[in-house]
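Please find the structures below.
You will see chain A twice below: alongside chain B first, and alongside chain C after that.
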Partner chain A sequence: MRGARFAVGAAGVATYALVPAFAPSLTYQLTVIVAMGLAALAVSVLLRAGLISFGHALFYAAGAYAVAYFAPRSGGDMLAAVMMGLACSAALAALTALFIVRYRGIFFAMLNLALSMVAYTLLLKLYHLTGGSDGLGVTVAGFLGWGLGPAAQGEVLFYLALVLALAAAWGVHTYLRSPAGWALSAVQDCELRVEYLGISARRVLFVAYVVSGALAGLGGAMAGVAVGHIAPDSAYWTTSAGFLVMAVLGGSGSIPGAFVGAALYEVLSVSAAQYLSSTWELLLGVIIFLIIRFAPGGLLGLYDRVWQGRTARGGQP
Partner chain B sequence: MGAISGQLLSACINGITDGATLFLVAVGLSLIFGVLRVLNVAHGSFYALGAFTAASAWLLIGALRLPPMWIYPALVLSALAVGVAAGPLIERLLLRWTFRIEAASQRENIQLLATYAIFLMLDDAQTLIWGSQPYYSGGALRLLGVTRIQGIGYTNYQLLLVPVAIAVLVGLRALLRGTSAGKFVLAVAEDPEISSALGVPVGRMYTLAFTLGAVLAALGGALASPTTGVSAGIGAHMIVLSFAVVATAGLGQIEGAGVAALAIGIAHAVAVFFLPDLSAVIPYLIMLLVLVFKPHGLFATAPARRI
Partner chain C sequence: MTAPVLEARGVALRFGGVQAADGVDVRIQPREFFFIIGQNGAGKSTFLNLCSGYLKPQRGEILFQGRPITGLTPRAITRAGIARAFQHPQLFGQRSVGDNVRFAVAAHRRGFWRPWRTLRAPDIETRAAALLDTCALTRVAEAPAGRIAEGERKLLDVAMALALEPTLLLLDEPTSGVSHADKDALMTTLVQALRARSVTGVFVEHDMEVVGRFADRIGVWADGAMVANGPPDEVLKDPSVRSLVL
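Right after this comes the complex of A and B.
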């Protein structure tokens, strides 16, 4: 069954990678989905430890603003700019993690929320640095020394996002299967027992938080480049809640689930905004509710359940 | 010197009156958390619904040519209508099932998401009913006249918010400590299993506490509606502010929420005068500062760690 799931995943990624060749107009949307998926994956890593962050938009916005600030000052290479975004968010996450790993449960959620709201307000008010509510333009020029036109830039960015997301997914997969990753799930089960084993729960969470901040920053940096613009709203608490919803829609704590959830969220919000302009939140709320109520494993959990149901009835293994 | 102290006094008075409505919302949130152990992300929506209903009541009174003074009982009635209509429905239909989840951390996370889903639904329901244009009911503000303090005019309505908030606090205490239903609610907050074993109808107490919390939030919104314009997004803004108050005070604290709301209200208003650009950061900075030194809030004690 694991093999079958891997094959389905590989086929899904391959199809996804081919779509822009047939429908170039979708390239931008597909890039944004991958970027959002990275932010959802960031939230998912913390969900492994049972920690909900209601403020990951902080690192997402930090990644995008870092690109907006540094790209024009450093030649504007796309890859360098995106990596700069990742590094800035990781550094910010490390700084935050120094004290935030002391908190659990609701207080962890609320402190993240408070930090992101402070960031949101500063982005809004420090007009000279951040452009206030207008935000900043995010412009990159070229990729590893090649100059790119606008259309080619969109395509290069899409494949760069896809490659980096696959690398990130593989990295998180490896991390979760390392001793530090197992300790992360153990913190959710019983923190005291983890400490009796001689492992520092805070150190485990520190690593997870920095990984998570870096992922969200990478997502934000790529979304910023894709959109070409970044505004303070990207740090508001509802953006953070959106990432959380994506992670849970796909399947709490699951790596492919984060991307599946991001895809569903984006498709829902774009199509609903087109056809049901004023009721898409209502629709989204109902769908979130139905999923947590009736399919707590998210879409991937649902898929597994259907698949297992088939094999139990004597289908192919 | 005189100008500065006059400004400071004015900032303090504004802060105290803002703190009064903030207190009502936060104390509702704290009550719901204390009894149901649910951090209600949709709480800001009750505030918004209360504010919109009150603004509609003002328009209705104008349209029917009723005596304008009727707005004051109408404010309270709007809050009651919103809380009593929405509270039990949401608690029974959308939240009750989450209490059966065994693992505590999983339950907390599911509840955060469930209440966020409710927030999204209520947010759009509000846009569907009232549209997205702002409402102003400032007329209700000036009906009671103006008091001059050191040359600066304050509407009596604004000044009255403080005694109203204090009356609500006293009334809530009396309700919780003095009536049998209130004592049942406190017992459930302390330990739902033992309360249930002693014959307390735990489910009904959950509904009661949730409804009471919703009424308080809606009352905050209804009373604040004449002082500020009512527009889309006020719910999302209010919920994070009241989170800051409740976290500063400590989850489940009622009197503590009053102190924290007052402190945050005053600090915010003083900052509006002296650091206008950064004033919106103040509530979160206070919360961060408090939680760094008192990880469970000012007035709460740490729970024991269990194996």
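Right after this comes the complex of A and C.
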């Protein structure tokens, strides 16, 4: 099954890579999906430890605002700006993690929510720094020294998103296979035993939180560059809830599931806006209900079940 | 006389109106199997909790290999060389028995925080396989830890503690919840595993048959204090102890 999953994933990546050649109008939408998929992946990492964050929009916004702030001051290089977004959100996550990893359950979820709402308000009120409710424009001018026009910029960002998302997915996969990554589910399962094995549960969660914040910031930075603008709404709690929904839709805790969930979420939101105006929340609610009721492992879990069923029946999968 | 592995000096702890530890003085010798007996509420588990850092004493001092460990965190005490097995085994129930042991091995080895290291690293696999074999768990290595028999859960708890290569192992009622028929096999496996590694054992135990068979020395607890201690033959025949415990 792992081989089949890999083949499907490779086919998906190859198809994605060919989009600018065959359907260039989709490049923007797909770049945004990958950016949101990274934020959903960030939330998924914490779900491994049973921790739910209602405030990861904080790091998503931090990444995007960092790009908006630093890009014009650093020559407008796209890669440097995105990396700066990642570094700033990782630093913010490390600062936040110093105290937030002391909490579990509802307190962890609510503290994240509280921090993101504080950030949202500051982004609104500190007009001279953040542009207030108008937000900031995000302008980049080149990539590794090459000047780029607007059209080429979108395409370069599209492939940069692909490369960074693959690197992030591989990095998270490696991390989750390591003892420190395995410890996430161990902390959820039996924190007392983790401590009595001589491992600091707080340190385990600190590392996870920084990784998670960096991923969300990377997503925010790429979304900021793709959209060309960032506003305080990106730090609002509904954005955080959206990342959680994406993670659950794709398969909570799953790496590819985060991107699949982000794609489904985006397709639904765009379709609903086009064909079912004012019923987006209804549609989303019904789908979340169906996923939780009939496919708690998300779309990836559903795929695995169908695949296993076909294999068990002896049919050619 | 050799220096004690563990020494408690006047350790005291009070919970509201209950004196859970009342000036406990005890010295545990290297490689000794010290069994603590006493009625429910006598303060036996409290003593293990104090020695393992789960509780902090209000008075007194606890020394491990001559160094004070009073008030240290469970993590620091574990790192110092004291491991613990629980009355209700503390396991990662969703994961396999093998993964539980592999994780415990990884926790003790260098490289725990390296992202490129995995639980399937050869050195971890080898050590985990040996521990599973020692604790007679190889047969259930692939089963989820939450679904094995109680005796196996107890042994898994011990295997995880032994993965830390401790000098001293604290075991809280290792045979509770285990059928009478299985107790002997469990204790034999456990004691052999400890003896083979020269690990000192402090057991809290209610079954006097087990105590009589496996103890080197017995400490009798009552009202938070050790009221008698000595070799099994001597202590278990003492009428005052029998009236107190049996």
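As a convention for this text, the second predicted complex is superposed on the first by the 316 of 317 C-alpha atoms of A that agree within 3 Å, B and C clash if a C-alpha of one lies under 4 Å from a C-alpha of the other, contacts with A are read in each partner's own complex, and residues count from 1 in each chain.
Definition applied: contacts are C-beta pairs under 8 Å (C-beta built on N, C-alpha and C of every residue); 3 or more make two chains touch, one makes a residue touch a chain.
Because the structure is a prediction, the values reported are computed rather than measured.
Of the two partner chains placed by superposition, only chain B is touched by A:Leu47; chain C is not. When the two complexes are overlaid on their common chain A, residue A:Ile199 makes contact with chain C while staying clear of chain B. When the two complexes are overlaid on their common chain A, residue A:Cys190 makes contact with chain B and with chain C alike.
One of chain B and chain C touches more residues of chain A, and that partner is B. When the two complexes are laid over each other on chain A, chain A has residues 190, 192-193 in contact with both chain B and chain C. The touching residues of chain A, when paired with chain C in their complex, are 171, 174-175, 177-183, 185-186, 189-190, 192-200, 207. The residues of chain A lying in touch with chain B in their complex are 47, 50, 52, 54, 99, 102-103, 105-107, 109-111, 113-115, 117-118, 121-122, 124-126, 188, 190-193, 236-238, 241, 244-245, 248, 252, 278-282, 284-286, 288-289, 292-293, 296. Interface residues of chain C, counted against chain A in their complex, comprise 52, 73-75, 78-79, 83-84, 90-95, 99, 103-104, 106-108, 111-119, 160-161, 163-164.
Those residues of chain B that touch chain A in the complex are listed here as 39, 41, 94, 97, 105-106, 108-110, 112-114, 116-121, 123-125, 127-128, 132, 236, 240, 243-244, 247, 251, 277-278, 280-281, 284-285, 287-288, 291-292, 295-296, 305-307.
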